[in-house]
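Both of the next two complexes hold chain A, though its partner changes from chain B to chain C.
Right after this comes the complex of A and B.
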């Protein structure tokens, strides 16, 4: 089966003073559709840089990064935006909801960018809110939500367009243990029911318990690519 | 999407309220000042119209050619009949007769010897006719310094400065020395009923106001007048109407070569007022452009601040897959909406303020030491058609310009930094 994400000899360098800093060194990775994987590693190991490249937010200095059969290295800004709009969902450490809009409108925004009809949007938004258990509070403003609710709205926003891939950067960093588990369980459920590929960048042990693959990065290189067996994994 | 943007504008007070208030204030100022300037220039026109030109004026052809010399021998005759015919033909216009002429004033002492003398410029108007509005039109009541308005024939008003120069008191007798319209010598005594302040040096040095019947007698100008002035009953000068009436009136005398035939002139055909009107429009445009520029700078800053404040929101939208071009275009649509809202509000406020200043005005009579016949004691604005759209130029353009410039930052933004930026 063709991988949904294929990283091929990817190197990413950033200018630093008169020289350059190598954030990723010749990375080769493949992700199959439906994976629930995580990239872990200390600060500066290249987690976010790799997530940026997979999310078509950045381009590799050399090598190729194929996402949904599109080579991120060759995409124009507009094509990158289109890839994100149609196939990628993002979940951030901070929920980053638009404060003036309601829960419903925050989730709806991603669909407005796809020019979906009002009825299509309404159905999809309510479905997404149901997935995360917030179907009863579509009219609440972000300021009235708890931390857990806020992150669940962010998940609904990422999932409403039913993307093939969801990229989550430390999604539990601002949550207490109970909420963190609840959030990860929600994402795991969506992964299983919808077949969405989830890729996390995380330090959080609670998240790692649920992953079926953990890629350890260190100094911009893959130190270990670990497949977690079902008996070691939390469901 | 427009609906989505509108919701954001309405709900986000930082995004909408402050910019709308600033736009509205700027637009109010632009609209009001535009109306105020129109009012100022209108006052200048009114001042000319009240004193000298009317909205239209009829003189004999010969008089018109030399009117600066006030040649009374070339005055119009049979003016009662002409005035009646004008009333019937143009009932929307008030027609008034006036005579302007010059002579010498002689003031005698108790023994009958001359104690003072001076050249006088006389304006004869209809002071006692029931239908006449000349006293109000010339603001005589407010311009009175001493005494009262003449109550009967034989009484006159003289310029206050002139009275002081000649040492004339209220109730004193003065003698006019001049000539009739046929060239004979003319002498007549008048009683000074009051002194007035004209507000212009030329008149204040030596002007006299008397009733037109007294002047007709004095000048042997029975049923005559040097000019007939027409005033639109609305009080407002209507250039198009004045031109039309003048053309129609003159057409009716086109077949005669008589140099005493009456000829009508519109306001802008007299005293270079046409150039003045064009100049006033030009000046008005320049002042409005300066205001537009000044307001644009202020509103541009508002746009810049708005763009900076929403840096994070734009980041989220980029991450969600909105292109930079789309964000940029929507920020401009938003600026147009905010600019339009502020402009509508500002235009309404500006028009209301102008309307108030047009109808009620600002009474400055207490601020000026002495009201004059020439200077109005109430400042007024004038509503003009351009006020309905002029405010939209700074209101919308400045907001759009501000957003266009601040929005350029969107294109410079590195999406690679989004994860880090959105963690904060």
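Right after this comes the complex of A and C.
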């Protein structure tokens, strides 16, 4: 089966003072559709950089990153925006909800970009809010939400367009243990029910318990690529 | 585009006070620009209407030697027209004279005008309603400056065509009120037949006033000035005043636009995570530029709506009741016909023109900082690291 994500000799360098900082060194990875995987490692190991390249928010300095058969390194701004709009969902550490919009409008945003009809949007948004258990507060503003609620809105926003891949950058870093578990369980459930591929960047042990594959990054290199057996995994 | 407007509207309404401050100052500018221009348009229209009504008629056929700005031309600038050619024309003869109210001597222009004329609003019908030997009508300014009133008899001295002095008493039969001081100050209007008799210049005129039926054909020794030509100078003066007033409202508009520019710059800096999120959610950079630009121009659209809502009753009030001019502001001070009450004219064109000016300039100043978004790295924006 063709991998949904294929990373091929990817290196990413950033200018630093007179020289340059190598964030990723010759990375080779493949992810199959429906995986619930995580990239773990200490700060500065290159987790977020790799996620940004897969999300076509950044481009590799060398190598290729194929996402849904599209080489991120060769996409124009418009093509990468289209890829993100149609097939990728993002969940950020600080939720990144649009502050002036309500919960409903935040979730609806991605569908507005897809020119879906009002009725289609309403139906999809309410379903996404149901998935995350927030169907009762569609009119709340982000400033009135708790941390857990905020992240669940972010999950609903990422899932509402039913993307093939969801990229979650440290999604539990700002949450307490109870909320962190609840959030990961929600995502695991969506992964199982909808077959969406989830790729996390994390160093949170609570998240790792649920993953079926863990890629350990250190100093920009893959240190270990670990498949977690069902017995070791929390469900 | 619809989406950008929809999102921009949500963002602006969601931004609360910041939006309303910008909209408020822009609406104020919108009202001031319309008010000033409406005031000048009203003044212009009134000045033109009054000048046509009291002085220019439908045009003037002037003796070729007559120069209204050179009193030395008055002695010889007069002549006769064949009666066939004087159809639809009303003669006016100007001679210099001296008036002696209460023993003082004042130089005046003695203007003979047909008692039956209909081309000007000068109340010449008063000549027929009196049996005075030499009836005269004068303007309010002339009456006020010389303490004259209806019924007063004053000694008038003039020269006939041979230069011989003659004198007689005139009787003030009517005092008219006109906004056009150039037919009032230092002037007396008497029946032209009487003036012909007094000066032995039977049938002569310095110029003729054309009525609306007059069709001009070249006449040797005479030069025709159409109503439009006569009003040209007046229009130029108003345009000059309009240009100088525009400095004020352009300054005001500049301040409002600076506020929008500043808001946009600050917005891009403060909302960089939001910009990064838009891009992550699938917007192209140029869609985000468009969104921010439309947000900026929507300030002006909202300001226009607010400006019309607040301004409409103000404009209506002043258009109906006029704006009183202080008594000390005279035509001599302003160099142009000015009424004691000016009624501003707010045309549809003025509203549309101002709307276009405000919206286009707001869009430009919104676009200038917004286009920088096109160069923003979305990863830096998401981290809030854009400087």
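The definition used in the following text is that the second predicted complex is superposed on the first by the 235 of 235 C-alpha atoms of A that agree within 3 Å, B and C clash if a C-alpha of one lies under 4 Å from a C-alpha of the other, contacts with A are read in each partner's own complex, and residues count from 1 in each chain.
By definition in this document, a residue touches a chain if its C-beta (ideal position, glycine included) is under 8 Å from a C-beta of that chain, and two chains touch if they have at least 3 such contacts.
As the structure is a computational prediction, the values presented were derived from the model and not from experiment.
Colleague: With both structures lined up on chain A, is it a clash or a fit for chain B and chain C?
Modeller: Chain B and chain C clash in the superposed model.
Colleague: Looking at the overlay, what does A:92 touch: chain B (first), chain C (second), both, or neither?
Modeller: both
Colleague: Who contacts more of chain A, chain B or chain C?
Modeller: The partner that reaches more residues of chain A in the superposed model: B.
Colleague: Would you sort A:4 into first (chain B), second (chain C), both or neither based on which partner it touches?
Modeller: Neither partner.
Colleague: Return first, second, both or neither, reflecting whether A:51 touches chain B, chain C, both chains, or no partner chain.
Modeller: first
Colleague: Now for A:128: first (chain B), second (chain C), both, or neither, which partner does it touch?
Modeller: In the superposed model, A:128 contacts neither chain B nor chain C.
Colleague: Is A:100 in contact with chain B, with chain C, with both, or with neither (first, second, both, neither)?
Modeller: After superposition on chain A, A:100 lies in contact with both partners, chain B and chain C.
Colleague: Chain B: which of 55-63, 109-117 or 163-171 bumps into chain C?
Modeller: Stretch 55-63 of chain B has C-alpha atoms clashing with chain C.
Colleague: Enumerate the residues of chain A that count as touching chain B in its complex and touching chain C in the other.
Modeller: Common interface on chain A, chain B vs chain C: 52, 55, 57-58, 77-78, 81-82, 84-86, 90, 92, 94, 96, 98-101, 105, 109-110, 112-113, 157.
Colleague: Which stretch or stretches of chain A touch chain B in the complex?
Modeller: It is residues 48-49, 51-52, 55, 57-58, 77-78, 80-86, 88, 90, 92-94, 96, 98-101, 105, 108-110, 112-113, 157, 169-170 of chain A that touch chain B.
Colleague: Which stretch or stretches of chain C touch chain A in the complex?
Modeller: Residues in contact with chain A: 3, 6-7, 10-11, 13-15, 273-274, 276-277, 279-287, 377-379, 382.
Colleague: Tell me, which parts of chain B touch chain A in their complex?
Modeller: So the residues of chain B touching chain A come out as 1, 4, 7-8, 11-12, 15, 312-313, 315-326, 414-416, 418-420, 422-424.
Colleague: Tell me, which parts of chain A touch chain C in their complex?
Modeller: 52, 55, 57-58, 77-78, 81-82, 84-86, 90, 92, 94, 96, 98-101, 105, 109-110, 112-115, 157
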